[in-house]
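Naming follows writing order (A, B, C, D and E), and every chain is counted from residue 1.
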Amino acid sequence: MTETPFLPLIILLTSLLAAPVLFALPESAARLRTCINLGVASLKVALVAWLGWKVGQGVIYDLRFTMLPGLEFKLQADPLAILFISLSAILWLITTVYSVGYLERGPHRARFFGFFSLCVAATVGIAMAGNLFTFLIFYELLTLATFPLVIHKGSAEALRAGRIYLTYTLAGGLVLLLGTLGLWVLAGTTEFRPGGVLEAVANENRLAAQMLFVVLVGALGVKAALFPFHAWLPIAMVAPAPVSALLHAVAVVKAGAFGIMRVVYEVFGIETAQALGMTAPLAAMAAITIIFGSLKAIAQDDIKKRLAYSTVSQVSYITLGVALASPIAAVGALAHLIHQGLMKITMFMAAGNLAEGLGVKRVSEMNGVGRDMPGTMLAFSAAALAMIGLPPLAGFVSKWYLAQGGLDAGASWVIALLLGSSLLNAIYFLPMLHRAWFRDGPERAEGSAGRHIGWMLAAPPITTALMVLVVGGFANAPFSPLEWTRFVVAIEYQE
Amino acid sequence: MTPDLIYGVTGIAVFAIGLVGALCAQDRLRRVLALKLCSVGAGFLLVVGAWRVPPASPDPVPHALVITGIVVMVSATAVALALIRRLQSLEAEDDD
Amino acid sequence: MPLAVYLFAVSWPLAMAFALLFSAARPILWRMLPLAALPALMLGMLQTTPDLVSGAWFVLGLSMGLDQVSRLFLIFTATLWIAASSAARHWMRDDARATGFGVLFLMAMSGNLGLILSKDAMAFYGAFALMSFASYGLVLHTRDPGAQSAARLYIGFVVIGELILFSGLVLAATQSGSILLADMRAADLSGLTVALLLVGFGIKLGVMPLHFWLPPAHGAAPVPASAVLSGAMIKAGLFGILSAVPLGVVAYPDHGTLVMAAGMVTIFAALLLGVQESSAKTVLGYSSVSQMGIIALGLGAALMTPEAWPALLPVLVFLAAHHALSKGAMFLGVGAWAAQTGRVARLILGAALLAPALVLAGMPFSSGGFGKEALKSALVLGSEVWLPWLTLALTLSGLATTFLMARALANLWTNPPKAPRTKPEALALPFLSLAGVAIALPVIWPVLDDRIAAPVLAAKPGALWPLAVGVLIALTAAVAAYAQKIGLRAFFSGITAPGRALSDQLGRQWAAKRRAARRVGTAVPRSLSNHAHRWRLGQTAIAGLIVAVMMIEATATLRATQIKTPAVLLSAPSQEMELDKPDLSTDRQMEDADAARDTFSDRYGPSGRSPD
Amino acid sequence: MTDPFLLFDLLLAGAIIALAASTLAVRDLFASIVLFIIFGLLSALAWVRLSAPDVALAEAAIGTGVTGALLLKTLHHLRFVTGRLALDTATGFTPEHPVPPAVLWANAALCGLITLGLAVAFLGAPQAGPGFDVLVADALPQSGVDHPVTAVLLNFRAYDTLMEVVVLLAAVIAVWQIERGLTAAPAPSLGEVWQGFARLSLPAIVIVGTYLLWKGAEAPGGAFQGGAVLAAVGLVLLLSRLYVPRPSHRAAARWAFVLGTGAFAAVALLVASGGRVAFQYPIEHAKTLILLIEGLVTISIAVTLAALFHGREPVAIPNERDRDDT
Amino acid sequence: MMIDPLTLTLFIPLFGAIGAFVFPRVASAIGLASVLVTVGAVAALARDILAQSEVTIALGGWEPPLGISLRADGLSVAMLAMTGVVGLLVSIGAFDSLKDARQRQYFWPLWLLLLTGMNGVYLSTDIFNLYVMIEVIALAAVGLTVLSGTKAALRAGLEYMYASILGALLFLLGVGFVYLQIGRLDFAGLIAAEPTGAMSAALALMVVGLLLKTALFPLHFWLPAAHANATAPASALLSGLVVKAALYIFLRLTTYMPLPDEILVTLVGALGAGAVLWGGIQAFRAERLKMLVAWSTVVQIGLIFIAFARAGQVGLTESWKAAALLILAHGVAKAAMFLSAGRIKDEIGHDIIRDLDRSEIRPTLAQFTFALAAISLIGLPPSLGFIGKWSLLEGAMAAGYWHWVVVTMIGTLMSVAYFSRVFAGFLRFDRMRGEIAEHKGWALADIAPLTLAISAISLGLMAAPILSFIELGYPFGARP
């Protein structure tokens, strides 16, 4: 059943068109800007919900537009895309609220929100890209839109971080371009198709297909912060808290992970990828990243850096789940895409609140913050415990499926890996909670307790923390991310 | 040995001399002169091409082309020389 | 061999000890120290057949000689003593009490060698006592409180042991009617006698619960002394049992049960006690205790079932030699390691230390592995009830030894024993030689006596996994302990430290390279562009390009003309032909254009005007 | 060897090459320019020998005459601004970092190779090969003029000619643009004595120029040659200070510059509006139109060339007489 | 009384130039109006092309080879359209930004003559006519180069003049050889020509002459100074449009002449690679913003030639399409970039890259425009530059010419490197001495480059229609 194909386009355009308007607004028109921001974000959530409903009913959206002979710009709304856009739409709304509060009196707000909007548009585009070519377009757009956000502070440090970020991601993008071209030349199409498009090529020219896999996954691995390419992520921490939150939870790293998913499932096809012998190395890479990221996280004292390394580790769960080539693991991976986003955004916003409200930026300064900011720290704690994988929180669900999937795929080492990783998670998160709740902090004088953070800063992390609870606690309920994930996996595995 | 051969080679030689000058000369005026020699050389080639063994009259088209070329060249020379003069003035002002 | 030779072998160290009292002779004697045990070694090597000589005049009649077992004991004991004295020579170079040490050392040596060569109870007992009491001085050598208490403990046990042993020997002599050890061994000794003998020798052997003296003494004595204490002297206890107790002749099931139980307890209790120690040498001492537990298992089995004895004997001898050499090497190695000042030397020696440690832990294809497996197969002949437990215990003993070795090495790292720093490399040599011998034991053994070696070497080479598991757990424990010590965060950042250091290093190098590259990168283009500008290379390029293109085109043209007939080229095409061609091509182009337009219209629909 | 002109040809060719080489070789710029003028005249002679009198005329008048005058003026300017008017010689500019001789020799060697290649190509090309002869001869009756060169210039390839005039226009605009605001420009002057000569010769030159223009329709000569000769009038006027451009003349000058171009283009376009294509003169009016165009173009060329010689646009210069030099 | 748009395309700017010259006071108005009308004529022509796929007019009713005919096909109309639209927007920018009355007075006639020349080039089918046209372009362009009247500009202009004249004369001599060999000068004659020595010589001379005018490395020596020192609108025209004229002629000649030998194609590609690398290095070293942009032009020209050579002789027809896309992309984006660079310079007062961040005034819109243009020049999606680069890489990969892929990739990375220097200058705020000054507001001169930059990006979405359009009339010698 094909319906008017414009709904995806409208969803894309909501934020894409909001950007120029936001750019054009004068710096002083704060209220109007907030209205536009929240209005568009809410509209988008509504549209996405509608889209999700329709897709759930089996409607297929497919919008094509020829850019070069044979090469199409294609937007589609398959269930996998819905999964990712819902995440981005909802979290965008929440982050927008948070950003409005965070940047209340900061400079360059017009620029910030404009690029913020573009960034989300790019994410939506990535989600709905119907072929690798379209994906590439939005992937690069994402790089460009996030760069000004990363260097928003305009300091030398921020610029250095921005340069490193740009170097990594643009180089990755260039390699992705190469890979896309390679795909185009080899397969004659860049279409995403469940089951992949490369089976014939893989039989014919195994080496070329393998190289293509390495190139594509390597390129996407840059944004997914896979082990040797992860260095930009902790450095990009100089960005303002909402940006970090968005970067880590939704936009950049997820774009990479999502891309890997698309490439493995819909460009190569999981069977072809396995036949090429490429999934095992990928799983190994992911495993290394998981452990490495956790170990690095333990050594960090800067809260945001610790969270950043935690992201390096956690995002690789997704890659791992994809690489295990088991439908159950795939469910875990997809669920983790959502769950990690919720958990990590909570933590980053909480960290931002600590910095804003109390000036606390280091773990060693966290003593007693639980008493000073109970709401924020409760949210943080919930997310941290979820990360460790305590039932019934969200993190547990995805880890459970990953472990099951590991067994299913005959890779029992995954269990050990997950246990080890959870242990490491505990090692770096629990001390934070211990400090926050069980240690007495320095006396913070009444007046100097930092500025009072408004509800716009306080509410978002609590909201997302609640969502962490809900998606974990009601994982099996209809319309939960997990259910949707199962739906997606059934398609990808063509069951 | 007919005139067209002689003058054709002459034209090429003149062009080559002009080319050497254009590439090697460092004085501004001399470079203009060299380019002008090149244009004469090119003119020679066209005129030679137009030549027919008398009593046949020559092909008029190349003649027209060469005339055009000459006018174009004088225009270009004039602009180049104007530039040179202006630069000379500016540089002289700086020296003062 | 004449008796004189035996006497010489025994008294030569004594003579040296005596000469050492004279200061003038000391330098040369210290240099000769390694030679002290050489006659005994030569004797052992040369006297390949059993031999018994007597001198009726001495005391109650002296009998000396060698048999199959004692020869082997002599050889490894002498070897160990030679290595230890080589080490002692350097170890004691600057020691204030070197002379005293030397004298006592030589006396203990003499006693040790003497008891092996003795064939009668009197001589044996005398030599045994000489050795034991001389060793007291060795234990006490440093005179510090630890040494004093260790020595106190030691001497207490020695005294009691000597007393019990004396009673035992006396009873045995009575019951057998001979003072010849061989006769006692063949007699049907009473249970009490055997018990006394076992306890007396057991104290030397260090089997629990008679072990208390051993670890502190080993820890307190200077390294060369520890080496012989642990390697050679406790084997004297075993030797005594082998010589005096009628093993394989009479069954003593109760004794056997007790000894076996003690052995099993020893193996693991020593582990539990040992890992708590913080001195490497003490831990090594416990390891000796634990190893003696293994030997006790063999002894117990033999006591219970005499039928197993022929199979057990070679194994026990082999185990004794194995332990003597490896443990001696370990002690010497520990000393040598501690004496090293250079980082590299320590690293090398540390690595070398792993060799005897692994041998002790029963690495497959080492003497430890063979010994343990051989013991297992020999025990098959023993009590069936005990067998599974014995096998398990033996297997797990590898684990225990591994832990102890790991613990010892860890202690060595954190808490190295005091050591002289004069000639560190000289101390390394004896260690390395002895370690070499220890490793090569499975090869040397059949050369010495292939009959006794055959059953041992026929055994399986041993299993790796106990060792591996032991190492793993030990490492884990070490890591955990370390982490505990420095704090978790510091620990984990420490784990990544090498990576960080490496990346820092790489980063620095990279940065340096980058700086250099940047210098080059700025200088080269600048100079290039300056020169290109000054030399006006652009102008040259014009001429160069014309030449290049002309040449390329000329070649292409030549190639083209070779294909075609030259006649076409030379004759100018006629005017008509010239005029025809463009028309044709124009027509063709028009058709093509239509085609293209059609495509365009098809593709973009109404935007292209229909070609009406 | 039967041709008696062969020796002449050879000598002339040798002289031309020698002059070309020495033009660039001599150190003194003035000598260089003079040699160049002689070279140009001899080239014109050679072209006459090649039965191209139109080209020869154009080369002599424009390529040599006007160009020579421009070069001399520039040299004068150089001497003026560097304060070396009194010196007899001008050796030109010596760069701070001279190009190494090796590079120069490399250039020369490469040029030698190029010459060789071109010569081979030339000798390999068909002699008196294909051309437009027949086509022109066939079309000449419809062109409206009798002289084939003029027909080509103003009818068959009138588009080229229009663009050529546009080049001239572009040049004068560019020159005015370049020299705008330049006040301290020397104006070479021939002095009072020449004014008399000028008064006498001017009418004669005007007549010659107009004749050339008129003749162009059926014999060698035409707009460009005529224009050049008329431009000589301007030169003489300017040099002798008989005519001093004033700012008020600017607008007129502009009109004069664009007159030819504008008229040419307008005619081309106007004929196009009548269902024809551009430049397609109605056969009955062809001669008239061509003559009209030629006449206007001649005026424009003459004024433009004179303006190119004069350089900057007319500006008010106080005490102009004081600035006279030479 | 309808005059065909083809002719109008040529004559309107000519009359405009005349008008703007004669009436200097209203030069701007006349100029702007003429460009606008020209664009209209081009649009009409484009409509004709869509209908007939090519339009040919024999001027004066004289068919070639005697006469000269004008021919418009997809490619030439695309070039005309690019020239017209970019020119129009640059004109709008110039309308606002040229403050000096005298500059304005001369800018318009020269620019309109330039437009005449370029339009002439794109419509011409006669190589001698092309010679005259490139001279028109050369003189007008030199006039624009030195519009600012600074010494640096004059020096650069003079060097440009020498290069232009020499290039044109080489071309002229080539024309002479063509005449010697085949006795005619029209494209149709060229197609029919046999390869001979004279044709080889002609080709060599014409190709090198054109490369000199296009400023392909190592013949680029005149370009950076000339483009960097001109006033902003002039730079935009010179960099965005003028070099393309010679490139276009090169394209036509290689299509019509019995050229392309594999080695020659490779040579040209290698020179392109040299341009990409050397230009990239120099752009990275550049101290001034406009100099950086000028070097980026050298790089882009190199890229276009790599596109030409991407698949060797076999894929030449297809390769030209990639090159054509890059030509269009560069024209639009570079004009935007020069205009915005000029705006930045006007607002800040200098264009030293290192000190851009010291300024308290941040012309954000111009900076944004610059960044957008850079996106297209770097070749990031979905810009037209990206599409061009995509086509380039696709062909090179399909043909297995990996060296061109590598060079292009390196060039792209280098372009990121040198442009990010500029972005850092835009976005750094911790080196200012005072507070950020209030943005002066938008000007017409901001709108023009912004429009250009946005088109450079969004034209990428229309690449397929553009490609189909430029194929109309088979300008690439495609003979299906």
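By definition in this document, a contact is a pair of C-beta atoms (placed from the backbone, for glycine too) under 8 Å apart; a residue touches a chain by one contact, two chains touch by 3 or more.
Values in this document were obtained by computation on a predicted structure and should not be read as measured data.
Asker: When you check each chain against chain C and chain D, which touch both of them?
Answerer: Chains that touch both chain C and chain D, as defined above, are B, E.
Asker: Per the definition at the top, count C-beta pairs in contact and tell me whether B-D or B-E has more.
Answerer: B-D
Asker: Starting from the Cα centroid of chain B, hunt down the chain whose centroid lies farthest away.
Answerer: With centres defined by C-alpha atoms, farthest from chain B sits C.
Asker: Please identify the chain with the largest separation between its CA centroid and the CA centroid of chain D.
Answerer: With centres defined by C-alpha atoms, farthest from chain D sits C.
Asker: Find the geometric centre of each of chain D and chain E from their Cα atoms only, then give the gap between the two centres in Å, rounded to an integer.
Answerer: 31
Asker: Distance from the CA centroid of chain C to that of chain E, rounded to the nearest Å?
Answerer: Taking the average C-alpha coordinate of chain C and of chain E, the gap between them is 78 Å.
Asker: Give, as an integer number of Å, the spacing between the C-alpha centres of chain B and chain A.
Answerer: It comes to 68 Å between the two C-alpha centres.
Asker: Compute the distance, rounded to whole Å, between the mean C-alpha positions of chain A and chain E.
Answerer: Chain A and chain E have C-alpha centres separated by 42 Å.
Asker: Any chance you could list the residues of chain E touching two or more other chains?
Answerer: 65-66, 128, 132, 135, 139, 142-143, 146, 154, 157, 166, 173, 177, 179-180, 182-184, 196-197, 200-201, 204-205, 464, 468, in rising order.
Asker: Could you list the positions in chain A whose residues touch two or more of the other chains?
Answerer: Those would be 66.
Asker: Could you check chain C for residues that touch two or more other chains and list them?
Answerer: Touching at least two other chains: 536-537, 539-540, 542-543, 546, 550, 554, 572-573, 578, 603.
Asker: With touch defined as at the start, can you tell me which chain A residues reach chain E in the complex?
Answerer: Those residues of chain A that touch chain E are 23, 65-69, 71, 73, 107, 111, 136-137, 140-141, 144, 147-148, 151, 153-156, 159, 162-163, 166-167, 170-171, 173-174, 177-178, 181-182, 184-185.
Asker: Considering only the defined contacts, which chain B positions touch chain D in the complex?
Answerer: 1-10, 12-21, 23-30, 32-34, 36-37, 39-40, 43-45, 47-54, 56-68, 70-79, 81-86, 88-89, 91-92
Asker: For chain C, which residues are in contact with chain B within the complex?
Answerer: Going by the criterion above, the answer is residues 536, 539-540, 542-543.
Asker: Would you tell me which residues of chain D are touching chain B in their complex?
Answerer: My answer: residues 1, 3, 5-6, 9-10, 13, 16-17, 20-21, 23-24, 29, 32-33, 36, 39-40, 43, 46-47, 49-52, 54-55, 58-59, 62-63, 66-67, 70-71, 73-75, 77-78, 81-82, 92-95, 98-99, 104, 107-108, 111-112, 114-115, 118-119, 122-123, 127-129, 131-133, 136, 148-149, 151-153, 156-157, 160-161, 164, 167-168, 170-172, 174-175, 178-179, 182, 184-185, 222, 224, 301, 305, 308-309, 311.
Asker: How about chain E: which of its residues touch chain D in the complex?
Answerer: 1-4, 7, 11, 14-15, 17-18, 21-22, 57-62, 65-68, 102, 106, 109-110, 113, 116-117, 120, 126, 128-129, 132-133, 135-136, 139-140, 142-143, 146-147, 149, 154, 157, 173, 177, 179-184, 196-198, 200-202, 204-205
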